[in-house]
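Chain lettering (A, B, C and D) follows the sequence in which the chains are written, and residue indices restart at 1 in each chain.
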Amino acid sequence: MQNIIKAFNLNIDLAVEAHDLLRGEKDIEVSGVTEEVTNLEHIKVTTITILNEAGANEMGRPMGTYITIEAPPLKIKDPYVNSEITEAMKGSLVPLFNNYLSSNDTVLLIGLGNWHATADALGPKFIEYSPITRHYHEHAPEALVEGMRPTCGIAPGVLGITGLETFEVIKGIVEKVKPGLVIAVDALAAQNVDRIGTTIQISNTGIKPGAGVGNNREALTEEGLGVPVIAIGCPTIVNASIIAGQAIKKFCLNTGAMYDNLRARDAIRDILSFFGGSLGVTPQEIDEIIENAAHIIAVGVGNALFPHVSEEQLELYAN
Amino acid sequence: MQNIIKAFNLNIDLAVEAHDLLRGEKDIEVSGVTEEVTNLEHIKVTTITILNEAGANEMGRPMGTYITIEAPPLKIKDPYVNSEITEAMKGSLVPLFNNYLSSNDTVLLIGLGNWHATADALGPKFIEYSPITRHYHEHAPEALVEGMRPTCGIAPGVLGITGLETFEVIKGIVEKVKPGLVIAVDALAAQNVDRIGTTIQISNTGIKPGAGVGNNREALTEEGLGVPVIAIGCPTIVNASIIAGQAIKKFCLNTGAMYDNLRARDAIRDILSFFGGSLGVTPQEIDEIIENAAHIIAVGVGNALFPHVSEEQLELYAN
Amino acid sequence: MQNIIKAFNLNIDLAVEAHDLLRGEKDIEVSGVTEEVTNLEHIKVTTITILNEAGANEMGRPMGTYITIEAPPLKIKDPYVNSEITEAMKGSLVPLFNNYLSSNDTVLLIGLGNWHATADALGPKFIEYSPITRHYHEHAPEALVEGMRPTCGIAPGVLGITGLETFEVIKGIVEKVKPGLVIAVDALAAQNVDRIGTTIQISNTGIKPGAGVGNNREALTEEGLGVPVIAIGCPTIVNASIIAGQAIKKFCLNTGAMYDNLRARDAIRDILSFFGGSLGVTPQEIDEIIENAAHIIAVGVGNALFPHVSEEQLELYAN
Amino acid sequence: MQNIIKAFNLNIDLAVEAHDLLRGEKDIEVSGVTEEVTNLEHIKVTTITILNEAGANEMGRPMGTYITIEAPPLKIKDPYVNSEITEAMKGSLVPLFNNYLSSNDTVLLIGLGNWHATADALGPKFIEYSPITRHYHEHAPEALVEGMRPTCGIAPGVLGITGLETFEVIKGIVEKVKPGLVIAVDALAAQNVDRIGTTIQISNTGIKPGAGVGNNREALTEEGLGVPVIAIGCPTIVNASIIAGQAIKKFCLNTGAMYDNLRARDAIRDILSFFGGSLGVTPQEIDEIIENAAHIIAVGVGNALFPHVSEEQLELYAN
């Protein structure tokens, strides 16, 4: 698929998929990259670490840690699976937070994406479900239960509807609010429909808003913002070109026909013409899936930020 | 594609696509079916008439008239294209209305589909944009401008969220309200992404709600409801299997590999597995496209129902 | 206040308020009416029974049972108060259900009111949060956990936006679906702002949709629909005339000025003129209050309809 | 009413109301303040200028120009009234813009208020309806029609849901984007229900977000932001205490009872107790009124910012 991905100028948002593609094609380990897998009762946690520049070049993303939590498809509303996911998120996030945060530091939550476009609304919905407490610290500390650190949150929208680069908005707020940590949540594109709403990726490397659109937009990184950035994403869409490319490849494999990447690309271009890279594949239940994924991520982040506060208490601070 | 469509138990919602497939495969005219095409400045209007049972069997849909209005893709927000579409709708609908309606008959508008699922919300949004006047006739006739016939409208939801068959709800209401005509609007599936939000189909044959799900649900037809039913639909989605099948076929055509329908089906099943028939392909701008299409259809229907009332006036009666 | 209420042609939706007014003015018990109060830890449950026609005339509402659950204001998001309310609802509803329902009867849930008007959206939101199972019984019984009776639900909208009388829609559906019981939820008007979102009234006497508007609209009653109707309501608004009237009366009481009902009415008319009876008083947090009240009522009704199913399980059947 | 307003610590958002109160009580002209009234066909335009510190003290607001456009109540959906309002807005805004802006300057639009609270959502809805073009200037200038200056827009939310002071967010963005002008739209409180959705105030003095809550929050002013700020507001609510106070005063006037401000205040406190200052009076149609007002303001501002572009064209740049 990598060639289709390049041909259509698509991004591979998930480090696990990028890693699988690299290893699949070369059938060797990728130098400068380690992967560690833990299987829990229902879910699987994979930690990929990119150790050096060589690994970063191969993987097409910055050095750092990429943790992926994978739940079985179609099981995502199961309460047991849900609580295993939020526990795993807490387990992954708490050590990251401890690296960066002292207990009174403010945390700035950012919900990337467009609240007017269903499949892109994951980030804004995450903000809605997250506990926001910074104003109590300043104006009504007595309304806080113990263990509530200051959090604030904003969904800055997307360039196409605000006319503002996300980086401009966030950089401006960071300079005023001076948080100890930024946590940015965004909808991702995957290469496999089973991942939609079932895979969560956590990384300590920052994030490029709307990276898929393929431009030199400034990234939300520690380097750019001057404060550590944890990025959390969940696939909500698979590009239609990928599906079409996979179908051709699979058909060739099954029939023995010779796969030819350039001609696959041309065939796909012919049928997807006008809308090109912007055609996405989603399950019919996408609105509900995104609602659910945003809620799980908010609970996982909330539990990790406020480890000694109950979920019921946290909900009282959400909007 | 017809074989992929059968393999995945999909419906061909658009009569023009069904007709093209039949003619394409057999390269002959289909008996019992006539087609007439008019090209206007920006748009194309195709009238397919299924004349007899033989034609109905071939086409897989009831005898009657199917009018399709096709606008160029990506041009749908152009005000000139828009007004050409609503004019064409008026031109097509007025003669149909004249067949069925006398001037004081009530018209019941129905917005089929699920308002919680973006790509299925076309019908409910159509109801929001449509002028509703029946209550003025009964309670405040002085608030009506001249030429306003009685209209009422409901979006009955879908079985999966109400537990009610659409037919049960509508049949019940029809028995109480006794309209002279039912106009039902629904989101359709197409076989070509360029049709999303750009093709409008009008037929006088009724409609099967959620027909795509493949069951023996009772249809909204004159036979079932006891009142003529005009169905209006607009594609909002292409099934992902169709896209994958087209890509394989195109690839075979381009490379000379032998296309094999069963193996194409198997390849597609392998990659789309879990979500099967429910995976849809939509452009990123789908929320906006549906908003726009619902509005155009509401204006077109409104202009045809109230030919002597201005659009500004009509808007005052919408919600 | 009763005179202001009559002067402005307002309704007293809550039986407890009607009863208090009657007793307050006459300082005697009302013949044909009994009242029983139970104080629980945080909440108060009042059961008013109208025993005969004399009582019904005095109280201005039909014979039957009116159960009112009152929570302290401003405490409504407290999880303990919430679960005490849903428990009390279950305790009140289960005996009513047992009177009417055998275990396989279908229950039709109705969310009255206008989903486009914040303070009137209680009923539609109740439907969203309620478990809907009838379609599983018919199409996929294996997807049901034990103890799930068939439920279906609809929010028919209001005359002003559908052009359909609520009675027409519901009567039609009842004739098709033949439920054993109808449960109708609606937003009420109270006479005291403290009741907004904190008082729940349950009655076995049916309900008049949009009763406040003062017309002869047909009521949703056992007599009209041919099936028992349980009505559940919660105040979301206080009419502005009531607030103004109370202020005048209180001022007179405090200052010794002579209260004069006609002149109070005239003073209120002068300042509220244009919008007249349609001006409502609500707290700033009304959107959130209604969200919360709809959720509590859905949980209370769900627990009573499915007494052996856990809340987590029930949520999986909601939309 | 001024005493009730002080007693409940309320703000007078409209300069015309503040001016009327001052002149009413003192029955003399207010020094340092001029007022000029123009009556058009359906609407009335009042320009109040606060000339010096003495006037500012009396009026309780900064020196500057306050233009108020008043449409007749209940007529607000009339297309003729609408276009008279947007014309008057253009007439008032163009000279203000010409004071501050050269043709290539960026304009930052700000929608103040809480999109989750109906009566406070005017600002966020204004942003949705406004043309946004800055990203085209930077990334796709060929997609712009002539005469489109760069605009960007954000609805920063409110402290209670973001944990961020509006000033912090906007100051940060202003420092990055360096606009030539900020236009901030907010929902106001009036003292008369007839003003809800029918009065628009334009001033060149900036605005204090959530001013009514009575705190020392930093204002969005030229002094604070370093860029001129035009504030546009429209009443969406009347505080319930005002209505109650007016009723008492009117009653006293009509009956000859002696009005006593302290006792009026106490009477009002007794009946509004819990929710205090946060109880608002709105017409039932408030959701629709706000939709309409946001649209009119967006059209008025758009016409003034892009005087040579048609409304249809402008709509294509809105979200």
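Brief remarks on what is shown
As a convention for this text, a contact is a pair of C-beta atoms (placed from the backbone, for glycine too) under 8 Å apart; a residue touches a chain by one contact, two chains touch by 3 or more.
Since we're looking at a predicted model, the values are computed, not measured.
Listed by label, the chains touching chain B and chain C alike are A, D. Repeated interface, listed pairs A-C, C-D or A-D, reference B-C: A-D, with more than half of the contact pairs matching by residue number. Chain geometry summary: the mean Cα position of chain A and that of chain B are 36 Å apart. Spacing of chain B relative to chain D, judged by their CA centroids, is 44 angstrom.
Residue positions 116 of chain B are each in touch with at least two other chains.
Within the complex, the chain D residues that touch chain C are 73-74, 116-120, 193-194, 240, 243-248, 250-255, 257-258, 260, 263-264, 266-268, 270-275, 278-288. Chain C meets chain B in the complex at residues 116, 132-135, 139, 150-154, 156-157, 159-164, 168-169, 171-177, 215, 319. On the chain B side of its complex with chain D, the touching residues are 77, 79, 312, 316.
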